[in-house]
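Written below as structure tokens is the structure these notes are about.
Note that the chains are named A, B, C and D in the order they appear, and that numbering of residues resets to 1 at the start of each chain.
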Amino acid sequence: MPIYNHLLMREEKLMTGNSFGQLFKITTCGESHGGAVGVIIDGCPAGFEVSESDIQIELDRRKPGQSSITTPRKETDTIHILSGIFEGKTTGTPILLLAYNTDMRPEDYADLKNVYRPSHADYTYLMKYGRRDFRGSGRASARETLARVAAGAIAKKYLKEKLNIEIHSYVEQVGNIRANNIEDNLITAENIEANIIRCPDQITAKKMIKLIEKVKQEGDSIGGVIRTVIRHVPIGLGEPVFDKLPADLGKAMLSINAVKGFEIGSGFEGVSLRGSQHNDPFMIENKKLKIKTNYAGGTLGGISTGENIYFRVAFKPVSTISKAQQTVNLENQAIILEAQGRHDPCVLPRAAPIVDAMSALVIIDHYLRHKAQSA
Amino acid sequence: MPIYNHLLMREEKLMTGNSFGQLFKITTCGESHGGAVGVIIDGCPAGFEVSESDIQIELDRRKPGQSSITTPRKETDTIHILSGIFEGKTTGTPILLLAYNTDMRPEDYADLKNVYRPSHADYTYLMKYGRRDFRGSGRASARETLARVAAGAIAKKYLKEKLNIEIHSYVEQVGNIRANNIEDNLITAENIEANIIRCPDQITAKKMIKLIEKVKQEGDSIGGVIRTVIRHVPIGLGEPVFDKLPADLGKAMLSINAVKGFEIGSGFEGVSLRGSQHNDPFMIENKKLKIKTNYAGGTLGGISTGENIYFRVAFKPVSTISKAQQTVNLENQAIILEAQGRHDPCVLPRAAPIVDAMSALVIIDHYLRHKAQSA
Amino acid sequence: MPIYNHLLMREEKLMTGNSFGQLFKITTCGESHGGAVGVIIDGCPAGFEVSESDIQIELDRRKPGQSSITTPRKETDTIHILSGIFEGKTTGTPILLLAYNTDMRPEDYADLKNVYRPSHADYTYLMKYGRRDFRGSGRASARETLARVAAGAIAKKYLKEKLNIEIHSYVEQVGNIRANNIEDNLITAENIEANIIRCPDQITAKKMIKLIEKVKQEGDSIGGVIRTVIRHVPIGLGEPVFDKLPADLGKAMLSINAVKGFEIGSGFEGVSLRGSQHNDPFMIENKKLKIKTNYAGGTLGGISTGENIYFRVAFKPVSTISKAQQTVNLENQAIILEAQGRHDPCVLPRAAPIVDAMSALVIIDHYLRHKAQSA
Amino acid sequence: MPIYNHLLMREEKLMTGNSFGQLFKITTCGESHGGAVGVIIDGCPAGFEVSESDIQIELDRRKPGQSSITTPRKETDTIHILSGIFEGKTTGTPILLLAYNTDMRPEDYADLKNVYRPSHADYTYLMKYGRRDFRGSGRASARETLARVAAGAIAKKYLKEKLNIEIHSYVEQVGNIRANNIEDNLITAENIEANIIRCPDQITAKKMIKLIEKVKQEGDSIGGVIRTVIRHVPIGLGEPVFDKLPADLGKAMLSINAVKGFEIGSGFEGVSLRGSQHNDPFMIENKKLKIKTNYAGGTLGGISTGENIYFRVAFKPVSTISKAQQTVNLENQAIILEAQGRHDPCVLPRAAPIVDAMSALVIIDHYLRHKAQSA
């Protein structure tokens, strides 16, 4: 009986690590081809207005099939609220959000069940768990990020409405095409959503789209960088030792599928500077303390300074391509893989709402932790 | 009564985030100028040989005053084992490690107690906690990393002796000087320790040292990059959703003082590649599965592949410099700060053992988690 | 606008403590009158057969309206599995279980929304959260235990099938009527289910039922004791310091609505014995070590001995009664409360499956923790 | 090589469960015969006055050799503060408390290293960990409670000084001798400390002491009950689902060595009452809401009502006795054990400060959790 006839995990194996956050804590569940993808949010403040459409708007930015440069696969990703919200407001009790799976075609994956797709999790899953879910990767599927975006939508709305904290993630780079002159304080949801690549520099956006279309025609894929700016974060969020704000933001981003790098403030370029160049001088302006430059990226000692937080997240090119590739099957035979199927030539436009969501989850959790310590 | 007469934290304020890890869990304590810096390790496997000198050897690589390019401040950083080890072996019960503080000169900081040092945590601490410990930054001091290195020394030794996992962190870059042609499998503790900057490329090392000496003479500081290679990691470490191995490594590194970036595998450069270039082909060699290239950096889907794990960590230039700087005092007056005192012109040589330690803590924790799930 | 027009929790208030367990970890959600009651199980071993009917059988033992001595309220409590189980087997990924609420009659509670019902959580909820859910107590409702029973059903089945661990909770006492001579090793699911009170001593059961019928006629309620015997627990479960097995069992039971006491082994009666009477002698029988008596109740030093674990759980009389009671309304006026509505005269028969479930959750969690440490 | 030549735990074995609390979180370390017993407190509010003598006063109530009815073993149990307190005040950072071990006589245990002492943890430890620490039980030793009392002393002092919460644990029962008519509001530290058994009823105290002296002469031991009253707890502490206040108090007490039972409010006796008797009526007195009776024991729905919290904790007779006992050695031979050594004939007088400490740790943790949610 061949090993791939079985789904996910050898008997007895557990999986852990399905929760994120300490006070605003989410636990996600659901496979790409099971009954539903869901999330319980434990610790959402009470009395806050949330409707299904508030969540849907973010899910629609993540969903497949939204434009000519994303995968043509169709999922409506309709969200249902099953507990924790009454008469349009959070009650403070755990919130359950669910999206039922609809467009499941496990038959699409039949050809793949005997193959390790290069740079996919197929191989490590099989080695770790003794089995794997060939129906679209199971828990390793990026479909799991739906639950993050749903929970993050509530966090993002809370931060905006209660604290005026604004989170804007946009595509800064696709391949070698990079948008360089975007002023942090001029970024809006509108100029990000003005094009299908989600880059607020409309001229560069066109170049990016052109590149992706070319890559798509070649049956190939391409990577890129999301840049995020978080405005109006109050001073004081973040813990001084292990749970520094950049540490938790970094973990959040590096837990997203396909992410290979994270840098905050001056990042990797900053290492070439002298301290005298890189230090952000304090100054007085209109009798108030101001920080002149912001190489720090909005945190000092792991704690927010009140300046804009900005960081960059590197996404590798999508592993699924149509081009022929050298690989190995489960019988350890070298083979050539020529996948057809439906895939994203570039994950970046759909990644922006995911980075938004993870940012919101980190910030709201640290906001609640900070309030809790100050109580 | 001026605010700076009080130490750390407004009444009632708590601090959180002093623990790291899930099964091999450390909780650290101690201020830079209190009685001691310490750590309890909860969850170290029993029956493992550990002596104080095993730990001391790593602490000596971190300690101040070790060479002409580190701060001249003197601390012996002598470690004491107070529980959990009997007759030279771990008993499986919590291990308490302590280093008493000796070279405390709070008077050195007298001039600073009324000032926000640029790019230090002084300002955010005071805003968050209502007070700050002017005696060398309290818990924000990099002296806290002593506890990490002590605990990490046990983890690193365990991984090497029990599993042959080797962790080598070295200085790859100082300012713009970068060592490029270091073969991952030829790095040894010996060629890292062969020079005071801890770069295994001896020619580049000399250039780096020269640059640091120049920067030191100018009373300035400079940043750099630590590159880490972890060899012989078994397949299967890391969890598929939030606790991906790169996510936990990233959080570990971004929780170290002065770190501004983390990238694993192809990192930020990889975004320019096509999927067909970046995907690491599986192949058969001597009847065994092999992965041809390693753009992934040793993990797929957040789980280790068995290939070398490698990553880069960006350190900003040290914030403490002797050059005159514009800043503000606690009475909100613009002033010029001319610190003398003792400081590191470049933190990189002392950072290598800290990155080693945090790497070891992440790997041993995921190793134990993986074993636990498979039990 | 009167305070009771608002549901549960003042704005900003959070609720915590909705998770239980460390490796086999459950997070529950749902109010008595919201859309659904649900639970995510994180950490269930893979490859284990579970069907909805395996869970339903335990829920049916808990559900209202099951006999003449329980509340006549009707809920089908039909369970749905939405993730983590495929082709009848657990996959190792998080399991989502849901029961949609059907028989909601918030209008039944209209008279109560302005009143503190004596010995209910109405008062403490309102004081803690600033609001309360008058529609059947919200998260304070015993309806929340549905989620525990659903998750516990999987744990109980696993323990029985994989390890032959048998958990039997039965009604030992109602009011002053106590069944005394029940031999631990002769208890079976069948003799517990042989009567509607769930006491395996059929003669005493009849007396208990008669007492409850009398109490019901009087519009009153009565308390009782559940006794649990767990057979075939392997030696070694439980941690020696804070997470002793009796400590975690005690917490589990004391977290059930209406529980006021927990004792294991000799319990409160054992305090009168001398050590020479109470110590359980070790002996050799058929060349194997045996423990002669079992005053310990199956644990020593917090760790299971392999002998039967047995404990008793005290339930106070149900707070909802039809008799007239003195109380106070939200305007702080003394009033007389004469509730009609539907209530259980005695919660004990429905409590047995809840105690079973909590027992199973504690034992499976400690079993996995023990395996994890030994890996 | 006989198994008892090795200390505690088979190679690779871990121990877990050394932490307690969520916001005011303690992690303890230290064996009865290692270098020290210690505790890190993470989450103590800043700005609170604590001296070593504040802690010592509670440790002296716990220490051996304090009176004619406790073990004659001598330990000074001198406490040292090594971090987190500066100029007499907490700084908000982790607090490290240490007591070095001094009166270690492992030779006293030489005769015991080959024997399972009845009702001790020797057997379960050896079975669980593959080894045991024969030098006074290692982590299973009640010496570990020293760390709890040290941490609890800070919590208890905080609760009293900041919130006027008073915690009084006293010996209510020794064997069959029970003090019945002690008025909760008349209990004071002074009348508890007025005699060596720590029972505020001075006449009953004498009878208890006489009984213990008799038991001691016989080389035997006896159990008893600690009753605790907590006055002035604010309304609202405790979480409604798993972390109910009685659940966390119960776990805390059942994690103390030798505890076999816990009951709060009416406890086991309450099960015989009718709801109409047991319900605590709300009433208006001087225009304020009052609760007439307090069968609930100070909590409703797991949340404090503001009334006195009271509970009882059952301690079994000490397992170490001088009388000859039947047991088995590690070669599975039946033997007669005649221990001499030094032991407590009754643990109750030394248990009172331990129950105080665990009570304080639970209450302060829930106080901080409640404040945190309300922030």
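The definition used in the following text is that contacts are C-beta pairs under 8 Å (C-beta built on N, C-alpha and C of every residue); 3 or more make two chains touch, one makes a residue touch a chain.
Quick caveat: nothing in here was measured; it's all calculated off a predicted structure.
K.L.:
Name the chain whose C-alpha centroid is most distant from the C-alpha centroid of chain B.
P.N.:
The chain lying farthest from chain B is C.
K.L.:
Any chance you could check whether B-C or A-C wins on number of contacting C-beta pairs?
P.N.:
Result of the comparison of B-C and A-C: A-C.
K.L.:
Between chain C and chain D, tell me the centre distance in angstrom, where each centre is the average of that chain's C-alpha atoms.
P.N.:
The mean C-alpha positions of chain C and chain D differ by 26 Å.
K.L.:
Please work out the Cα centroid separation of chain B and chain C, and write it as a whole number of Å.
P.N.:
Their C-alpha centroids are separated by 47 Å.
K.L.:
On a C-alpha centroid basis, what's the spacing between chain A and chain C, in Å?
P.N.:
From the centre of chain A to the centre of chain C is 39 Å.
K.L.:
Show the residues in chain D shared as contacts by 2 or more other chains, in ascending order.
P.N.:
Counting only residues that touch two or more other chains, chain D contributes 10, 12-16, 18-19, 23, 28, 139, 368, 372-375.
K.L.:
Spell out the part of chain A that touches chain B in their complex, as residue ranges.
P.N.:
Residues 12-20, 28, 116, 118-121, 123-125, 127-128, 137, 139-140, 144, 173, 175-176, 215, 218, 220-225, 235-236, 238-244, 246-255, 257, 259-268, 270-284, 287-289, 292, 295-297, 299-306, 312, 314-321, 323, 325-328, 332-334, 369-370, 372-375.
K.L.:
Going by the contact rule set out above, which residues of chain D touch chain A in the complex?
P.N.:
23, 368, 371-375
K.L.:
Which residues, counting only chain C, touch chain A once they are in their complex?
P.N.:
7-16, 18-19, 23, 27-31, 34-38, 40, 42-48, 81-84, 86-87, 89, 91-96, 98, 129, 131, 133, 138-139, 368
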